[in-house]
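After this come two complexes, each holding chain A, first together with chain B and then together with chain C.
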Partner chain A sequence: MRSAFAGSHPALNFLFFASVVAFGMLFFHPAMLGISFAAALSYSIRLRGRAMCKTLLCVLLPTLLFVVFLGAAFNHYGVTTLFTLSNGNRVTLEAIVHGFATGGMVLTVFLWFVCYNAVVTTDKFLHVFGRVFPTGALLVSMTLRFIPLLTRRMRKIFEAQRGIGYGGGRLRGGLHALSILITWSLENAVDVADSMKSRGYGSRGRTSYTRFFWTRRDVLLTLAVLALDALVIAGMAAGQTRAMYNPYISLPAMTAFSIVLYACYALLCFMPLALDCTEEIRWNRSR
Partner chain B sequence: MPRKPLLTVVSLTLCLAAVLVGAFLLRDRSYYLISGVILLLACLPFAALFRRRHGKVRELVIVSVMAALAVASRAAFYMLPTVKPLCAIAIITGLYLGEEVGCMVGVLSMFLSNFLFGQGAWTPYQIFGMGFAAFTAALILRSLRWQGKRIPCAVVGGVCCFLLYGLCADSCAVFAMAPDLTWKSVSAVILSGLPFNASHGAVTGIVIFFLCRPIGEKLERLCTKYQLFYAAETTVPQAEGEPV
Partner chain C sequence: MEQIQIKDLHFSYPLGQGEALAGVDLTIRAGEYVALCGESGCGKTTLLRHLKTALMPNGKRGGSVRFCGALLDTLDARTQASRIGFVFQDPESAVVTDKVYHELAFGLESLGMPQGEMRLRVAEMASYFGIEPWFNMPTDELSGGQLQILNLASVMALHPDVLLLDEPTSQLDPVAAADFLATIDRIHRELGLTIILTEHRLEDVLPCADRVIVMHHGRVAADCTPREIGNSLTGELAFLRDSMPAAMRIWAGADGKGACPLTVCEGKQWLTRTVTAAEPVRRTLASAPAEEPAVRMREVFFTYDKNAPDVLRGLSMDVPRGAVFALLGGNGAGKSTAMKAAAGLLKPYRGRIELSGRDVRKIPQKELYHGLAGVLPQQVRALFTEKTVRLELESVDRGGAQAMADRLHLTALLDRHPYDISGGEQQRLALGKVLLTHPRILFLDEPTKGMDSAFKSQFGTLLRELTTEGVTVFMVSHDVEFCAANADRCAMLFDGMLAAEAPTVPFFSGNTFYTTAANRIARHVFPDAITDEDVIALCRANRC
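Coming up: the complex of A and B.
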């Protein structure tokens, strides 16, 4: 689905994802985890629709439960025993909660990456990193493009082998296909390079076309993200995001500051979704 | 091609420093930052390579193809975690195109394949380990002029993968799992990773044994045909009518 956030400046997109992924991996506090998880989940469903729900139910939820199960079955720290297994090991509340926190963290970061991959396309990646580090950015984007291409070529080779009735067997046929693939791709690489050169790659004074411009909204939102980042980091420095699960669950006391912190974090995480919703409402009204 | 291992050694040392800074000062939390820094540092020798002979786009694209091959080879065997031909392909590339190029392919493919397999605290360590292993294996084999010999290549490659990559990848687990860095806890973590690393090294050796000649022939042929990499300065000038 087209997202208003995806239409804003790539630098803003990068800044946003860098902050939420970094914060997502830093915070073990249940409130912070919950906010980030909810935001990542809803935004990924908005971006990917039904396919995302399917992945979530079939892959991600089982993974989460597996992590929780592992944590509860193999960690026996904690003071609150829920029940004792037949071999004398205790299953504790702390281990289960910690398992949920770890699993939720992994899941949240994964979901943010799903959103990232939908929003930050290769041209945006190149736009942001191309000027700072042109060769590296080019290599990364070119390699990313070659991976599906090689897979497709491999399939073509297999089909051709089958078509001419080649009976090399699985292993030998596979090795031959690999050999063909390497020759083909390396020769093709030279053609690609020549094509790039003839279109002016690396020549002096060449400018590159860009579709991205800073609008006033982008500037304002970037400033907002930076301010929210600063507030969240201040909260982290004040110890408001610390959480301990071993030996007993201990969270920092709820204060006015921590509520402001949660609100800021929620504002940050839900920013793209809010932007999308406002745009949609405005669009529907204007019709 | 005059080789410049010094620059690569310096940049690998800087990479190690970045990993250690990340582990101790940032308490291992900002691994994306560190992996970005490592990627940048590992590119240093390569960038120097390209600055010297500007306009060699062909070499750039070939490196990218080799890295894509390495990523695809890792993705093809995703069911078997120790079967990662990635390391072998990086070493073979280093063997025939120069150690800096092998290092670059290892770093790039590890970074990109982790987009498919999940980025995390292990990314910088794996990137560093892969670049380090590919560079060292290729440096040893090239300086001994053992490129065409399959068994020495397989042995040196496997051992480099086992020792260097294994150690670097495990140090992630050391920093994550052992809060008190004592010899006992560190050796426990490293010993627990030993079987995995041994099988990874063995697979790397086997893949090098089987693929080093087929891939090497193709790379050599390409270098000779288009005057790339090492062939650029050693062989006769380009023939008439050859597209530049």
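Coming up: the complex of A and C.
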């Protein structure tokens, strides 16, 4: 799916995902969890469409329920007893809520990573790191080139060896093929090195080509993300995000500040989706 | 202006016997298109590598190479990287990065060019070479022809004055090779670059080149225009004849008069002038043997992926016993797939394949690949496991190794490492390994790729010998000329099915485009002549 957020500068993408994943792992407060979960879920569905819904229903929700079940079945703290099992163990509201909070947190972070994978392609990753370590970025790029190449070669070797009667056992055949692959690749490395040298590799002051540029919107959004991050951190420092589930559920009192905090967090988490929606509306209007 | 001056250049490899370059004197002017040719091992690649210090081989050297008046060694690495471009033989191993645009920018990044300039140059290259449609693609998904164009563009992005190309089309199929050479010609015409290119197959090179330099045993044997080469082909340069364009080969073979024709078009005109329209002599066709075929395929369907389109769609064909059978077709037509399926390496999901009357699925692997079928893969390196050529052969059959080495002219190479011998020699060694399993049916995947013309004819003879011993040869090839001269039957695969199948002569004389250059030159007077020998013989018989 085309996404306006995915089209913005890689550094912004990175900053955003770093923020939401870090916050997602830090906050146990149900409101904060809920906001982040809702944002991650809606954005991942927007990016992945039906496939995401399928994974969600078939894999993620059962996992969540399983975590809740485990929590409720084996944790017996809490003051609100819902019912007592035949072996005398109590099932408490606190344990169930805590189970939902833990499961929700894991699920949220997982969903953010699903979005990350869709948005931050290798190109973007290389762009961000290429600026700092041009050689490292080249290394990653070369690795990405050689993995499929070597896999293909390995298949050819197996086939070729079979064609002259060296089917062999799995293990022996595999080791045999691996030794051919290594010889072949070492020989090949000489050609690669020649090709690199002949195009000036090894000269000082390597730069890194990029297809990404900062737009005004990227700058503004980055500043906004930084500002929202600062506010959320301030809220955290003020203890507004603390939550306790044992022995009883205790949350900080709702104040004007906490409402502002939730709003800021929601703005931050829903930013990609909001951006996508505005872009889509604009596009539809321009028709 | 003299751009490159080579004075009395000598070079010998540390372990080699004799000099690879034995006193080369050359002057190359700016903007010349030079075709550097000669047999395998004549020193043309060694010479080419001496023009680029980064690639200069190690060994004993004498003499000098000057670039624009200055000694080449005194030029700094940066200048050399940008002013002298080099394109390699194997497109796959020359590509370094995972994305097309990154590969284009590779040289520019190495030289530390600022972002803005890089952008412009990458954009220019992408549009000049028509790379835009695959600009964002991973390099792994490109075809060989695309990879080689990418290599060229990535070198051109550095704005070189001289472009050196080392057999750039030897790993490409004929269509991609012609495209690539057309691009080189365009660069030469439009940008006035100096181009020095080595090549085995000169069919498409010579008509574009300004000058031909022939190397022989490390020396310059001839240095003239392409047309002048024609006059020496019957004399001292006879060894070159097989690598020249068909028009030149026929002209020289039939003792042609006047200016030597270079292209099919010129050849056709020359032939019309020379020959009276006589009754064509028909080759007598060997009647197809009626016995049970060696390979029988019936309605074979195959796909690599459940959701991908079928590669073979109901392919049916028979390969007669004891024949050389050639399966031709364009890129991606499924030729190799058909061959691998026939050899039992791939399992079709529908249809029946029989080898010597037995269902290939029911033959145990031990029997199948020990005495019944043998497969020579396209990339022969996939077969080499040992340290020396001798061990390589002995690993298959200790007793037969020596005899096989003699038969394939490998005796002198027995103690060399399989990777240290030339491409054609590797091909022979791989063939030896396959033959030592004593297959009754020999499967060959593009056997002539990268072979020089001298060995090609030897190889053709070898295939003939094998068929007299009762071996059936099933070959997949792009090489129309080779198949016309050596196959008994040819078939063309298209869209997963056979488009045509016939004995070689009617097969080629029935095609208009997919046929040999000799046939295209002569078809208006001798419709059944498909090889040079046919045309030459008919020319001599029907001269006006």
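Assume the second predicted complex is superposed on the first by the 213 of 287 C-alpha atoms of A that agree within 3 Å, B and C clash if a C-alpha of one lies under 4 Å from a C-alpha of the other, contacts with A are read in each partner's own complex, and residues count from 1 in each chain.
Keep this in mind: a contact is a pair of C-beta atoms (placed from the backbone, for glycine too) under 8 Å apart; a residue touches a chain by one contact, two chains touch by 3 or more.
The shown structure was predicted, so the numbers you read here are calculated from the model rather than taken from an experiment.
After overlaying the two complexes on the shared chain, residue contacts for A:200 are found with chain C alone; chain B is out of touch.
Of the two partner chains placed around the shared chain by superposition, neither chain B nor chain C is touched by A:217. When the two structures are aligned on the shared chain, A:138 is found in touch with chain B and with chain C. In the superposed model, A:165 lies in contact with chain C only, and not with chain B. Applying the stated contact rule after C-alpha superposition, one finds that A:123 touches chain C and leaves chain B untouched.
Once the two complexes are laid over each other on the shared chain, residue contacts for A:22 go to chain B alone; chain C is not touched. Contacts of A:182 after superposition on the shared chain: chain B is touched, whereas chain C is not. In the superposed model, A:150 lies in contact with chain B only, and not with chain C. In the superposition on chain A, chain A positions 138, 142, 144, 149, 179, 183, 187-188, 192, 194, 196-197, 201-202 are in contact with chain B in one complex as well as with chain C in the other.
Interface of chain B with chain A (complex): residues 29-32, 39-40, 43, 46-47, 50, 54-55, 57-58, 60-65, 67-69, 71-72, 75, 108-109, 111-112, 118-119, 210, 214-215, 218-219, 222, 226, 243. Here chain A touches chain B in the complex through residues 18, 21-22, 25-26, 110, 113, 133, 135-136, 138-140, 142-144, 146-147, 149-151, 154, 175, 178-179, 181-183, 185-190, 192-194, 196-197, 201-202, going by the rule given at the top.
Residue ranges of chain A in contact with chain C, taken from their complex: 122-123, 126, 134, 138, 141-142, 144-145, 148-149, 152-153, 156-157, 159-165, 167, 176, 179-180, 183-184, 187-188, 191-192, 194-211. The part of chain C that touches chain A in the complex is made up of residues 52, 54-55, 77-78, 81-82, 85-86, 88, 90, 92-99, 101-102, 105-115, 118-119, 122, 138-140, 151, 154-155, 158, 340, 343, 345, 365-366, 369-370, 373-377, 379, 381-385, 396, 419, 433-434, 437, 443.
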